[in-house]
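Please go over the structures that come below.
Across the two complexes that follow, subunit A remains constant while its partner is subunit B and subsequently subunit C.
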Partner chain A sequence: MFLQQLVNGLTLGSLYAVLAIGLTLVFGVLNIINMAHGGIFMIGAFVGLFMVTVFEVNIFVAILVAMVVGAILGYLLEFVALRPLRKKNVSHLAPLISTIGVSIFIESVALLVWGPQTRSFPPDFIGGLIDFGMFKISMVQIIGLGVSIVLMLILNVLIKKTKIGKAIRAVSLSTETASLLGINPTLVISVTVMLASALGSAAGVLVGLSFDAVEPMMGVVIGFKGLAVLILGGLGNITGAMVGGFILGVSEVFSVAYGASSYRDAVAFGLIILLLFWRPQGLFGSKDKGGRP
Partner chain B sequence: MSEILNPYYLQIVMFFIINAIMGISIFFTLSTGQLTLGAAGFMSVGAYVGALLTLKAELPIPIAIFIGGIVAALVAVVIGLPTTRLKGLYLAIATLGFGEVVRVIFLNLEVTNGALGLSGIPAIAQELTNYVYEFDMDGLLDIDALTWGNLLTIIILLVILALVILFCLRIHNSRVGRAFQAIKADDHAAELMGINVVYYKMLAFVIGAFIAGIGGGLYAHITNFINPTDFSYHKVVQILLFPVFGGSNVVWGSVLGSFILTLLPEVLRFLADYRDIIYGALLVILMAVRPDGILTEDLMDKIYRKLGVKKKAYIPETQVLTERFEAYKAQSKSGQE
Partner chain C sequence: MLKIENVVAGYGHITALKSINLEVPQGSIVSLIGANGAGKSTTMRSIMGLVKPTEGRITFEGKDITSMKTHDIVKAGISLVPEGRQILQDMSVYENLEMGAYIRKDAEINDDIKKVFKRFPILDERSYQLGGTLSGGQQQMLAIGRALMARPKLLLLDEPSMGLAPLVVNEIFEVIKEISAEGTTVLLVEQNVRQALKIADYAYVLETGKIVLSGPAEEIRHDPRVMEAYLGGKVE
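And now, the complex of A and B:
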């Protein structure tokens, strides 16, 4: 029982982690919370679903296509809602509202096009359970856990080893200094938002697959969890987002398994309120950068 | 006359006033540079406490609403102790989390009737209509008793809104208001100037919560029905948009923002399904064009000048000190002679 719940928690947590990494990447570079992340996440889920049902492709191809669509949406988001604001000296509220506007826009378009009903993946897609004796794990869970871990590994290499990754880190430390050193901040910011949106999109497909439910409002609830993970791990910290995602996933599953199932959605925020008593900058956040708007 | 005063229009006006009050509650904490997203949480505390007091304890409505506000303020004191020490987005998310926790608690409590919510809350308009009958005002000025009830409700709401606005305007140039501005500009510098930053942040947080609690109480006693979903994430965003859309640096911004954003969905009603799409696009465009909201301090100065309202001459502190010093010197000199 315990091991089973742990496995369930870890698979859920890996999805939260991928989602939150997208948020934390954007925060690291732009110092804003991207409220449209949930919207792109939802679009990703729909793209994945249609790839699977209409074009009948492999789930991995579907995730890849969803990521490409997510990246394109990310570029549009940056171009329409964030770039115009960067040129002026604006308060940190403006981009927040602007991305909220985008999320309302995306959600209402989706509602108009696809209707409010919940759609599910074809039944043969869910696959069977694999019994390990101590615990059972479904195909869906394996795909979710596997893809998330692979994505996180790729991202880690991308951020740590490649040129663009170094540029992203440089811009997140200081945009001005980075541009003095010959880095084009506009390009780096575009790439970061695209990368983040691609990850959000992939998380959308995986979450849609594991809950077997895709609907236009799914981004709101899950997007919320992403915010919780973001704070839990420390703003702008990728390792924090990964660990935070797993912590949230596991604690949510355990709270459902051992009692308070109706309080499930409060667990995330109860957890961060408690954590902030102890570490106001999040688990992995650094003190000097943390919390600055 | 009766066409203009139909219940639908009157209801929109009532919602506009409540929204304005909620907007000001956010504006108030924003004026210390704190972005809190707990307004919906405090609103729901005020609404539930007020509604339960009138439903179960049968207290008079004004007292119940006032107690609701007080309880919201008390909750804010408890929540504020850890959270007002947080900065920027940490504070925003922590307060957002508070709202979410409150919502889930109300969803699960027995006394709040869970997801079904509370219904049959006594309405202010209904009570006032009874008074109208009592004082025989039915048909006065060709307005029937029900409309009179609604009109009187609006007048009472307007008085409350006016009081809240007056409070904000008066506090702006007081010692407290100056402290708020200093903290908003730079809290480290404010601390070095000897301002107790935590105290003033807490003050703004608690007063904001009190206003939100009152707003919630009024909301409950106007809609007659509340359930936890009324105070979800969407409400938070909606409330936050009022001051930011209208202008987050001046109190009139919240009023203008709530006026436009309450009216807009009703005006756009003919667009039906496309309404939210336009709403979202409008937010993006507005932020690109006027990132500080419609009303800014500069614009307000211009408007004041046009209206011929004289702003109080601002005397720099240094000038005041020099004058005092000169006076003191003159005094001590005359004493010596």
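And now, the complex of A and C:
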């Protein structure tokens, strides 16, 4: 029982982690919370679903296509809703509001085009359960966990070792210092939002697949969970987002398993509140910079 | 090499520079001195495109750079060692130097890192340490090393001696002389007027946004006004 729930929790947590990394990347370079992330997450889920149902490709291709679409949406988001606001004399809250606007727009369009009903993946689309004796794991879970972990590993290498990754870190630290090193901050911000949106999109497909439910409002609640993970981990901290995602996933699953299923969100968020009492700057945030790495 | 003509710049309603003219000839060390709030840093920021002048023109090697973006100005060959060093705190010393060469694609980046390590052996010892854990003097060395990694034709230094121990200050000024001797033109902003005038060829004195005095550093050093205002009234 315990081991089984742990596996379930880690699977769910890995999805939250991928979602929250997207938020944390954007927070790092722009210092804003991207409220449109949930919308892009939802579009990703729909793209993945249609790739599977209409074009009948396998799930990995579907995720890849969803990520490309997500990246394109990310570019548009940055170009339309964020870049024009990156001038002097614009309130620092303006980009936050404009991402909320984008999020409402995306959801409305999705409602209009696809209707409010919940759609699911084809029955028996992905194999059954594998029984390890101690615990069972479904193919869906293996894919969810596997893809999330691969994405996180790739991201880690990208951020730590590549030139663009280091440029993203430099811009996160200070846009001005980065530009003094010859880095074009506009380009780096654009790439970061694209990368974050691609990750959000992938998380959308994986969550849609895990819960077997895709609908236009699915990004709203999960958007808040992403936000909670972002704050729990420490704003702008990638490791924090990963660990925070797993903590939220595991605590949610355990609260359901041990008798408090209707309180699952309350238990999970209650735990986050307690952790924040202990470390207000987030698990991996540093105190003097208000949670920034 | 660098020419600032009638530049007016400021922040919002505050005009920090009230039409200044300044010239940095190739191969020289030029010092810009003045008290706090005189507009020294604003001059540097205007050259780098971090502050956009409302009037006037800045040219570098004959090219108008007034409205260019900061990263393009770096590519044109100007590097700034910013006030407060601005080290990339969560990157190692080595990575900081690597980032200094961000605009370069040639194969000699590693050789240049070795040259920086030779100039500042302490950075070699600490090459894996995070930039944020270095002492002030080491961070200043790293900031200078990082700026040199871009192979600038013109190096701008904004208050390189600020907050450093006297011995370290001497070392930093020695290094600035070496850099100049190796062919890089230097524009130096300093509050440490004595040292700044000692190593400079030319000097400008900035007071509340205006150049009040300029000329060969030797002359400025013996100007009674400068002696009284900045050098405690006596010549060394």
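What to note about this one:
The rule is short, and it goes like this: the second predicted complex is superposed on the first by the 287 of 293 C-alpha atoms of A that agree within 3 Å, B and C clash if a C-alpha of one lies under 4 Å from a C-alpha of the other, contacts with A are read in each partner's own complex, and residues count from 1 in each chain.
Note that in this section contacts are C-beta pairs under 8 Å (C-beta built on N, C-alpha and C of every residue); 3 or more make two chains touch, one makes a residue touch a chain.
All of these numbers come straight from a predicted model, not from anything done at the bench.
Applying the stated contact rule after C-alpha superposition, one finds that A:A167 touches subunit C and leaves subunit B untouched.
When the shared chain is aligned, no partner comes close enough to touch A:Y75: not subunit B, not subunit C.
Of the two partner chains placed around the shared chain by superposition, neither subunit B nor subunit C is touched by A:W114.
Counting the residues of subunit A that each partner touches, subunit B and subunit C differ, and the larger count belongs to B.
Once the two complexes are overlaid on the shared chain, A:S98 sits against subunit B while remaining clear of subunit C. Shared-chain residue A:G270: touches subunit B; no touch with subunit C.
Look at A:F135: by the touch rule set out above, it reaches neither subunit B nor subunit C.
With the contact threshold set out at the top, residues 293 of subunit A are in contact with subunit B in one structure and with subunit C in the other.
Contacts from subunit B toward subunit A in the complex involve residues 35, 82-83, 85-94, 96-98, 100-101, 104-105, 107-108, 233-234, 237, 240-241, 244-245, 248, 273-277, 279-284, 287-288, 291-292. Residue ranges on subunit A touching subunit C, taken from their complex, read 163, 166-167, 169-170, 173-174, 176-177, 179-185, 293. Residues 48, 50, 69-71, 74-75, 79-80, 82, 86, 88-91, 95, 98-100, 102-103, 146, 150 of subunit C touch subunit A in their complex. Those residues of subunit A that touch subunit B in the complex are listed here as 27, 33, 80-81, 84-85, 88, 90-95, 97-98, 100-109, 111-112, 220, 224, 227-228, 230-231, 235, 262-263, 265-266, 268-270, 272-273, 276-277, 280-282, 290-293.
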